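Each of the next two complexes has chain A plus one more chain, namely chain B in the first and chain C in the second.
This part shows the complex of A and B:
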């Protein structure tokens, strides 16, 4: 195995098997790091906890729900307003968060009564919201509060309310990934099949593993609706609690983030026989292929094809404008879980950049398999990276840009590497054809930022061009570009609006006639 | 016309104003040089706190986790502290101080952190790191007690308690700033310099506003050294600016080493800054120089421009760290404004006897409420459902939607502030801070008048 040993990690030998550098002719059989093992204490890992994996990542994007965490306020406060999963109901889930505020006396005497008071108070404060999720935390897991029993009691006493309980304390697993698993299984066990949805199309899907970061879900749902497909539910971005109770009636589960939500898809297949189709909203080709696959499944390929043609005609010249200016730029692709493989191949193919490193904080070996196989030679793959390894890798690889989280982004900034937020995006959405151009635009703006170039100058040593009062990005990016590309009339910069999502909410869609009233085109 | 001090009338929290104790201890930890805190608990307790620090300061700070997993929660996780200390020391050759910060989970399972430290001191540190100066400090900050405020208070005391070593008088005072911004520390150091007072500033976080250097080697660290902490026992006095953030350390030094302590006032506004300088003068015998008389006068000149014409009568709600909130309220009153609602986000029983709040209770001639253990619903519910009318909100970014959704202008102040650029660079303390605050408030009102077309023409002539 071509393991990569970091200088800074020589003193913790077990780290050696967590990084590989892909060499000539190597494939997964010889080049795969270990993954999803317990974190080494004190290594300054970037991992979060199983509570945040459940509540913060998957639970909270559900939009019409009171999200209560049963514990001291910190868990709630810390995971509140740190994401950009918007919704079409004025972002209720971003604005409101609830904590039972467990104090010392509750630790000693139990906090079940406190929990019940909290539930009642919350429903009273928001009388129009009848749905609730409750998340266990470390403290209440350890004292052994029976949250399920309290939830059951309230549902009986307050008809019309419905409560979901997720027991995923912070310590339950090596990372946030443990929480993803727990909430997937809890949801299908407790809620799927408890409400019969209204079926309005012959083609019905659940859109799974999609969190509506900056509007991703709304962009993708727009394509589905244009194909005449009913999106029964989204798990969970911009998703509705009651819609998700009816997941069992879909004909197909369309799965986006296989890291965080394949569990529920696999259970839906097992229990209800609903097939799983993995798709990819990032990148023109992966997205076009995804829409084609869905079209093929339902026998409506021509609807998919029409959308693909229209969108590509509209956006390809803009994507290519950026591709010409991003060619050969070195990228560190350091997201949380699945984006390492969602993006690796697509950005190389469609934006011309070179991925020099991938890492994953909470991915499993399966994610690394996909990621490593989609990278070129010389790419450094790191599992559960830590602060010092990250800095050493940046020093060694000297990337032009890094895609990572907010906090590691600040670290990269200090070593003069511009960053894009891989979790929340800079100016997304990044899914969809237009979104992919927005991503390219953001990469271009980061790499060719005049301010970034200025930060590399040492005025005490370097020559200063005193006659220059400014520099445009084009002056930087077009230096050395062939004349025909610089002056191309085919290619153009991004022409969309700052907000590319809100208008979709007002859109109307064509009615497609159904096969025959009362029957369904797809056999169950 | 009454001023009531009362506790929130619900048990639960809808949109919390504070986070929990370990965050406060972690904030202290990043202020100390060659120090990396090891938080004993789940990984989220560190990951999110690092995130919120990076959101506020736009910098990354080093904090480690013992990464409590399920086995540790069941069988005890002291071993993970031992391993964590070893890994940190082995990989960070400059690290000398490791505070071990507990959380709710590890306090509930009852891990004996003090015992682990004894074991490490007698074992690992002697065997593997014999030539190295290493200090392990137990900081108990269960999340179900107090809040980030008390976590900060406890941690400052524990650092001081651990290091303070009486030797020779150092001719300095100790200045404990409380939970402030780099801009505040800069402003305080400026006042000390003008007064010609040599001080140990806890904590030296001016460096949190760190540069982006061409050679790319600047990472943000606090600047308080072990020697600074040691010599706190040799000062001739301590001034803790805040009653709830740092006073414990000042009181401990007074009790243990007879170092006179002055607690407060938080030097927000002209009057409190006057008192701070007066305290410095009393403690050091140094006169207040003409330069500060002038600086104060420049500030008063600026305040006079905005106070009775624009700020007078404006109703304001203030939330956040208690000393900050109280200091701001006092300043607003001097500016002829009417603080009508103060929200203090934890259940500290001392708030209701705080002399500053009692003075308001005694003297304000308008309806005012001070709510302890408060959350943001205490603010929003009053606005939406109970007819509270406000002209301005002062507080940190977590309350932004209350202002946005109710069309109330807001000035960002306190921690965390992530939805406005560069606020950490500006002080709220000192004469400089008073000017900045008053002008921020005035400008926020002006912008609001223009958006709402509410006598916006008045600014044609000013």
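This part shows the complex of A and C:
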């Protein structure tokens, strides 16, 4: 096994099995780190908790819901939508967060009365919002508050309201991934099948594991609507609570982030016979293949093909402009979970960069199987890294840019490595054909920014060369490029708008006649 | 709503099929061809990585079996949605293989089937029986 031992972690020998360096001829039977285990004492993890995984990642992107934490206010603050899960209803779920604000006296005497009071107050404060999710925290789990019973009481006393309870306290798993799992299973057990949805198309999907980061869901839904497909629900970004109660009526589950949402897809397949189709919304080829697959399933591949041709004609020259300027750049792909495999192969093929390392904070071995497979030889794969290991890896690999979260990102900036936010994006959305170009533009801007050279100058002692004080990204990126590339009239920089999402909300779509009213095309 | 009762527990407590790499003793040309076919799947596909071993076995057999049928020009069962979903991934793979491996056109149907069966075995070894993933045998989703 090609384990990699970090110098800084020699005092924590168990860490050695959590990092591998893929060598020549290695495959998954010989090269895979451990994963999804409790963080080893002595290692300062970058992970979140199971409560955060349930609420922040999966529950709260639902848009038409009062999301309430039953616990101390700090738990709520730290899961209050800093991930840019936008929505098309004026971002209700971003603007408001709710907490029962449990104090010491509630821990001693119980917090059920406090919870009920908060639920009622919240519904009265927002009379148009009749749906609520409640999240248990460590404190209220330990004192044994019966949240389900209180929710039931309120639903009986306030007709028309509906409440979902998620019992996923922070300690319920090694990382936030434990919370992803719990809320998936809780949702299908409690809510799926409790509402019959209106079916308006012969082609009906649930779009699962998609969180509308900076508009990803809206971009993808645009493609689906152009194909005449009804997106019955999105689990959960920009998704509606009641739509998600009707998931059992879809013909196909289209799964994007398998890390956070494969459980509900697998259960929907098991319980309702709805197939699971894994797709990639990132990258021209993976996205095109994904649209083709959905088209094939419904027998409407020509609609997918028309979109693919139109989008590629529009955006390929812009992607290639960046590719020419990113060739050979070294990338550390250090996201939370699924993006390490969504991006690993596509950015190498379509942007010309080289992935020198992948890591995951909360991924499982299954994520590393995908990531290690999609990387080339020599890539360093790390599970649940600590900050010192991250710094050592940066020093060893000398990447040109890293894609990661805010905390390790700030650490990277201090050692002069540009960072892009892999979780919430910089100038997303990154999904879709245009989104992939926006990602390339962000990478280009990060790597070739003149600030990195300027930041190395110590004005207290370094000589300042006044004749070379001005540089632009273009001057840096085009140095050494062949003239035919520099002066190409076919390639061009990104020409899209600052906001590529809002206009989609006003768009009208073609109406495709149904094969026969009330029938389902898939049921052959 | 009550929790779902698992119907296929015996299937979930599966036994390993392969104890070593099934391609190890193949001739050099076959090894080379299997490597090309495998490489495409591992770089471009996701269906081989369902989280549980029993699912992976079904995925590998369903998709690679249908891919073999398509490459041989045989009819494929798409009568129920689950089979149709396998077929979708099989069509994508068949198209890629025809483009990537022009030598497939020179093989007989029997040779194609034998090659695809060996690829299926290799994928089972790589993703299930020889895999280091400790979560494959977990019986719940």
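One rule holds in what follows: the second predicted complex is superposed on the first by the 509 of 524 C-alpha atoms of A that agree within 3 Å, B and C clash if a C-alpha of one lies under 4 Å from a C-alpha of the other, contacts with A are read in each partner's own complex, and residues count from 1 in each chain.
The rule is simple: a residue touches a chain if its C-beta (ideal position, glycine included) is under 8 Å from a C-beta of that chain, and two chains touch if they have at least 3 such contacts.
The shown structure was predicted, so the numbers you read here are calculated from the model rather than taken from an experiment.
Asker: Should A:18 be classified as contacting the first partner (chain B), the second (chain C), both, or neither?
Answerer: In the superposition, A:18 touches no partner, neither chain B nor chain C.
Asker: Return first, second, both or neither, reflecting whether A:369 touches chain B, chain C, both chains, or no partner chain.
Answerer: The answer is second: A:369 touches chain C but not chain B.
Asker: In the superposed arrangement, which partner chain does A:172 touch: chain B (first), chain C (second), both, or neither?
Answerer: A:172 sits against chain B, while chain C stays out of touch.
Asker: Go through the superposed model and pick first if A:63 touches only chain B, second if only chain C, both, or neither.
Answerer: After superposing on A, A:63 lies clear of both chain B and chain C.
Asker: A:441 in the overlay: touching chain B, chain C, both, or neither? Say first, second, both or neither.
Answerer: neither
Asker: Per the contact definition in the header, classify A:278: touching chain B only (first), chain C only (second), both, or neither.
Answerer: second
Asker: More residues of chain A are touched by which partner: chain B or chain C?
Answerer: When the residues of chain A touched by each partner are counted, B comes out ahead.
Asker: Figure out whether A:293 sits in contact with chain B (first) or chain C (second), or with both, or with neither.
Answerer: second
Asker: Is A:267 in contact with chain B, with chain C, with both, or with neither (first, second, both, neither)?
Answerer: After superposition on chain A, A:267 lies in contact with chain C alone.
Asker: Can you pull the chain A residues that chain B and chain C both touch?
Answerer: Residues common to the chain A contacts of chain C and of chain B do not exist here, since the sets are disjoint.
Asker: If we count contacts the way the header does, which residues on chain A are in touch with chain B in the complex?
Answerer: Within the complex, chain A touches chain B at residues 8-9, 11-12, 38-52, 68, 71-82, 94-104, 106-107, 114, 117-118, 121-122, 125, 137-139, 141-143, 169-176, 387-388, 405-408, 410-411, 413-416, 455-458, 462.
Asker: Can you list the residues on chain C that touch chain A in the complex?
Answerer: Result: residues 1-4, 7, 21, 42-44, 46-47, 49-52, 55, 78-82, 84-85, 87-89, 91-92, 125-127, 130-135, 141 of chain C touch chain A.
Asker: Chain C touches which residues of chain A in the complex?
Answerer: Per the touch definition, chain A meets chain C at residues 27-30, 32, 34, 36, 185, 188-190, 192-194, 251-252, 258, 262-263, 266-267, 269-271, 273-280, 285-286, 289, 292-293, 296-297, 341, 345, 364-366, 369-370, 373-374, 522-524.
Asker: Over in the complex, which chain B residues touch chain A? Could you list them?
Answerer: 10-16, 18-23, 36, 38, 41-45, 47-52, 54-55, 58-60, 62-70, 72-73, 80-81, 83-88, 90-92, 103-105, 108-109, 142-145, 147-148, 210, 212, 214-220, 347, 377, 381, 397-398, 401, 405
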